[in-house]
Amino acid sequence: MRLRKNAVLYWMLLPGMILVFVFHYLPMAGLVMAFQDFKPWLGFVKSPWVGWENFQMAFQREDSLQVVWNTFFIACTKIIVNLVVPVVFALLLNEIRHMGLKKVIQTLVYLPHFLSWVVFGGIVGDILSSQGIINTLVLPSLGLDPILFLADGNWFRFVVIVSDNWKEFGFATIVFLAALSNIDPSLYEAAEVDGANRWRQTWAVTLPALVPIVIVVGTLAMSSVLNAGFDQIFNLYNPLVYDKGDIIDTFVYRVGLLNSEFGLGTAIGLFKSAVGFIMVIIAYVLASRFANYRIF
Amino acid sequence: MYYKTKSYRIFYALNIILLSLISLACILPLIHVLALSFSSGLAVSANKVTFWPVDFNLDSYKRTLGDADFLVAFYLSVARVVLGVVIGIAVTVLTAYPLSKMDSLKGGRVIAWFFVFTMLFNGGLIPSYILIQKLHLMNTIWALVLPGALGVYNMILMLNFFRAIPKELEEASLIDGAGHMTTLIRIYLPISMPSIATIVLFVAVGHWNAWFDGLIYMQKENWPMSTLLQTMIKAPDLSQRTVSDAEIVNLTERTLKSAKIFIGTLPILLVYPFLQRYFVKGIVLGAVKG
Amino acid sequence: MRKKMMMLSAILLVIALMGTACSSGGDKGQSPESDVESKGFTNGKFDPPITLTTVGSVGSNYVFKNGETLENNVHTKWVKDNLGIDIKYNWVTSGDQFATKVRLDLSANNKMPDVIHIYDPQLMSDLIESGKFMDISSAFDKYASPKVKQIYNQDPMYWAQVTKDGKHYGLPTLSRAQQNDTLLWIRTDWLKKMNMEPPKTFDDLEKIMDGMKKTDFGTGPVNPPLAISIKDANMPFVQWRGDASWIFGGYGIIPHYWNKWNGDKLEYGSVQPQMKQALAKMQDWYKKGYLSADVGLIDVGKSDDTFRNQKSGIMTGPTFQASVVRSALNKNNPNAEAAPFPIPAGPSGKPGLRNTTVPGGAFLINKDFKHVDAFFLYINKMYEIGDPPKGSEFENGYAEGYDYVIKDGKVSSVEADFPDKQKVNVASYFLSGQPFVDPELELNSYVKLYNGEKPSTPFETRMYNAVPESERKDPKNVLEWKAAYYTLQQKDNTLANLFLGPPTPTMKSKWEALVKMESETFLKIVYGKASIDEFDTFVDKWKKMGGDQITEEVNDWYNSVGGK
């Protein structure tokens, strides 16, 4: 009986598996391009094989290590900041009892997500330029010298992380709000009866309810440990900050401008995927060992 | 009650101030774009516009909305979102439900990794393009909807939301003689509305904003709105060609671009407040239990 | 229960399959095999019409009226009605995805269009290498009109980019001669107020820039006096507007350009010794505040903006910058006066500036295209109407209501005279997206008008009508005409880029790294973040990292196409 019932579960999985197989696994045949000097008119079969040459070209450069490190540093910081800020924001928002206000705040913070980086990057550039509001109003009033934020490598990284958070935290908050709304209110009532203040309630009820979803989001975010955000960096960077701000994707883009990028692009994509996949596995194992939670 | 204590009240006041400031910081960029769109091109290029339109006019909107292409593109985008959400949610829920029951699902973990693997590895543009062509999906809405129908990220989220639902509910239902399908539809879905609303939002926003697949797979007359806007906003590289004075002037038309950006964003912005009621008030689990 | 489940799966599968069934097929855009070869070409047109397939791109510079599209507009209609050529676009995409889309079609083994117009040199060399496009040498001899032959035979280097093994694999598109050659556009009202003359040398220019910083013109502080942009990561100092090449030209070299700078071999401008002094000069100007503090962050549009907004007193750019003065600066401040001036002489004693390369792209013709005669009919006709005879239907422009209107019985192509205030560049609908005109024609016509001659051909009349009537009375001060006059005058000071070929083998693997190092070093020197001596280190490294080898390959290419 039980078994028969469970057989249905496999049927349920079927549509998803077919879709994924057709649209994701079949095209993976294209990964062979990583080992080819791919010529579109020759196709996968006839393009010349070059072994590891594409990888060598990417990693035998003087700046390879630096570019990978930039990518890793920016991506990791973003992962952490984009996890912590939305969680804290969700908790603070959860305290607002006025429903109208809560809705308004929620809606407003999610708006920047919808501006593309071309537009948002332009706005960030204007604000931080030598004639922008920060350098003409804020810093002088604090008695500080103007700072060329986007022309200095360290400031550049800072700007990249903060502006990314500014744009995305509101959208990222949604999933935590959804988790909060799944909490059974009777748990709070019970805590209240026990005499717990709000701080204790947050620790005892709210946070534990959030932990699983934080682990899920965090683990899956590990997949982008080498995705520092091409659109953003591309719209903000310039040669002055190459040493601190050039990332793998911008590098591939520049190479692609003079060379059809398929071989190299695929090779680097493969590298990024492999690293991301390993990181997800590590995060998965760590979560199940230390937090005793398996995300699937 | 905790919120009557003095310290909590101070916190509450500070909290409201903080959140309001943050909200302000988030709305200002959009207001800036909006102000640009209502201003004259001249005022914009003279950097006179910040948050309030200068030389208020509606020309950009008239010009954009007067475009016949635009209405078709709008329709296609809506169709894509509706179809994408319906199919996407159906597949996501159907996949997430069994995977949330690892105990009853032999080989479930392997299947889960089968899905997660595709989050990372992909064959890239060329094989996907050839595939779409071989399946004869070129220039059909299915080329935009099917490849991403199962968002693995969303599926994993859904799976975890499902797992947070108390086991007793499911067991009661199964013992009552209902099958998994009935349990999913009668028990799981109603109490998962906040999570489903979240996924609906993610899928809808994703479909609305996607432009690249439209550019690659669709003929121009079938471009969805974001694809159309993308090409209307981007300036091609003119440095090598003979440009006319009219082109130089058009290049600097930030007003028109802003109007297009805003028109392209507005419909999807409206989806959220509509879904919001599902987040603000949680479902009272106790009521379902009882 | 299980049945229901299966039903659901089945439904989903059906949905998926429906997609397959409903599809209209990816081959839709391809042309039906031209079966009309035998049918005739009579009275200057094909009857019945033949189909010519191509592919295209659109962007924010495209304006369409009356619900027209790239596929169906005043130009394509005219071509169909008058030449019997039905232009069909297999697809249209955005400018920056054009090359990707072509490569995807190649990969999927889709039929290439009959005619394709390309700028990207790498894509061009890929397509030529693919063997799917024809050597047009004999077709050119057979079908090109005498006028077209005369234009294309003016300079053998026009063909350099499409030449492989001595064969011509495409028809280059020619842009206007000197079209991006830089001039200085200076606020003459400010010069007057400072009691200063236009600059003849860099020293004069420095005095002017210094004066601008110190003088109150009633429009707020002048910052920066000189509006240029060096943001571009590939060629920071050579730009189509906001150009800085002339600062280096004053020392006798142009960065990023290949030329015989110091010998009889092609060498890369950015590694020549003169570069060091020029960079030191820019560093000095940056430090003194003559350049924007954000000069490396703002694009050419934003640097022009500072001139429009009266923050800058000098901008750089070619003839077409007249439209910035007329349509922006003068609207912001009707009393503002600005005029073009030739590039001043640098420490080398001579001015120097980047030369514009005339061939900008090329048409490639599909090997299987049966109607290469139709393509040349189009080209011949387009060159004819580009410089139309008197009485031609194109006497006043390409299309009434698009690039000109008749207002009060007079022809005008001033945007303000259009009923909908929207002028359209009809040439953007052409197969190449630009007009077909003898490269030398426009400049020569402008200069004629500058010299006070009345327009004698329809082409000249067109240029004449593009200028507001009030300004024409004083021909020596019409911005475009004056700019053209100076452009022609300083033509001898221009320095050309002689390497026009596709990326060489070593370039493919090394060039990006070299360019990255170059732009990083140069910008840091300008910003004062690196000492000027970093330049020497850069040159050493550049040579070792593949630069020397690339130099050899560039010279090999140059010799192979018959460069002298």
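Chains: A, B and C, in written order; residue numbering restarts at 1 for each.
Following the convention adopted for this analysis, contacts are C-beta pairs under 8 Å (C-beta built on N, C-alpha and C of every residue); 3 or more make two chains touch, one makes a residue touch a chain.
Only a predicted model underlies this, so the values are computations on that prediction, with no experimental measurement involved.
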_By the document's touch definition, which label belongs to this structure's chain graph: line, ring, star, complete, or other?_
complete
_Greatest separation from chain B - chain, by CA centre_ = C
*Could you put a whole-Å number on the gap between the CA centroids of chain B and chain C?*
38
*asked:* On a C-alpha centroid basis, what's the spacing between chain A and chain B, in Å?
replied: 16
*Give the residues of chain C that touch two or more other chains, as numbers and ranges in rising order.*
1-2, 5, 8, 12, 16, 103-104, 107
*Going through chain A residue by residue, note those that touch at least 2 other chains and give them in order.*
5, 8, 12, 15, 19, 40, 262
*So which stretches of chain B touch two or more other chains?*
90-91, 94, 126, 135, 146, 179-181, 233
*chain C touches which residues of chain A in the complex?*
4-5, 7-8, 11-12, 14-15, 18-19, 39-41, 43, 57, 61-63, 125, 129-131, 146, 148, 150-151, 238-240, 242-243, 246, 251, 254-255, 257-260, 262
*For the chain A and chain B complex, residues of the former touching the latter*: 2, 5-6, 8-10, 12-13, 15-17, 19-20, 22-31, 33, 38, 40, 44, 89, 92-93, 95-97, 99, 101-116, 118-120, 123, 166, 170, 174-175, 177-186, 192, 197-198, 201, 209, 212-213, 216-217, 220, 223, 262, 265-266, 269-270, 273, 276-277, 280, 294-296
*State the interface residues of chain C toward chain A in the complex, per the touch definition above.*
1-2, 5-6, 8-9, 12-13, 16, 99, 103-104, 106-107, 109, 122-123, 126, 129-132, 223, 231, 233-234, 236, 292-294, 296-298, 503, 507-509, 511-513, 515-516, 519-520, 522-524, 527, 529, 545
*asked:* Which stretch or stretches of chain C touch chain B in the complex?
replied: 1-2, 4-5, 8, 12, 15-16, 18-20, 22-26, 28-29, 57-61, 63-64, 67, 69-71, 89, 91-97, 100-101, 103-104, 107-108, 110, 119, 175-176, 179-180, 239-240, 301, 304-305, 308-309, 320, 322-324, 327-328, 331-332, 357, 360-361, 403, 415, 423-425, 427-428, 433-435, 437, 466
*For the chain B and chain A complex, residues of the former touching the latter*: 1-3, 5, 8, 11-12, 15-16, 18-20, 22-27, 29-30, 32-33, 90-92, 94-95, 97-99, 101-102, 104-105, 109, 111-112, 114-124, 126-128, 131, 135, 146-150, 152-153, 155-157, 159-161, 163-164, 174, 179-181, 194-195, 197-198, 201, 205, 209, 233, 261, 265, 268-269, 272-273, 276, 278-286
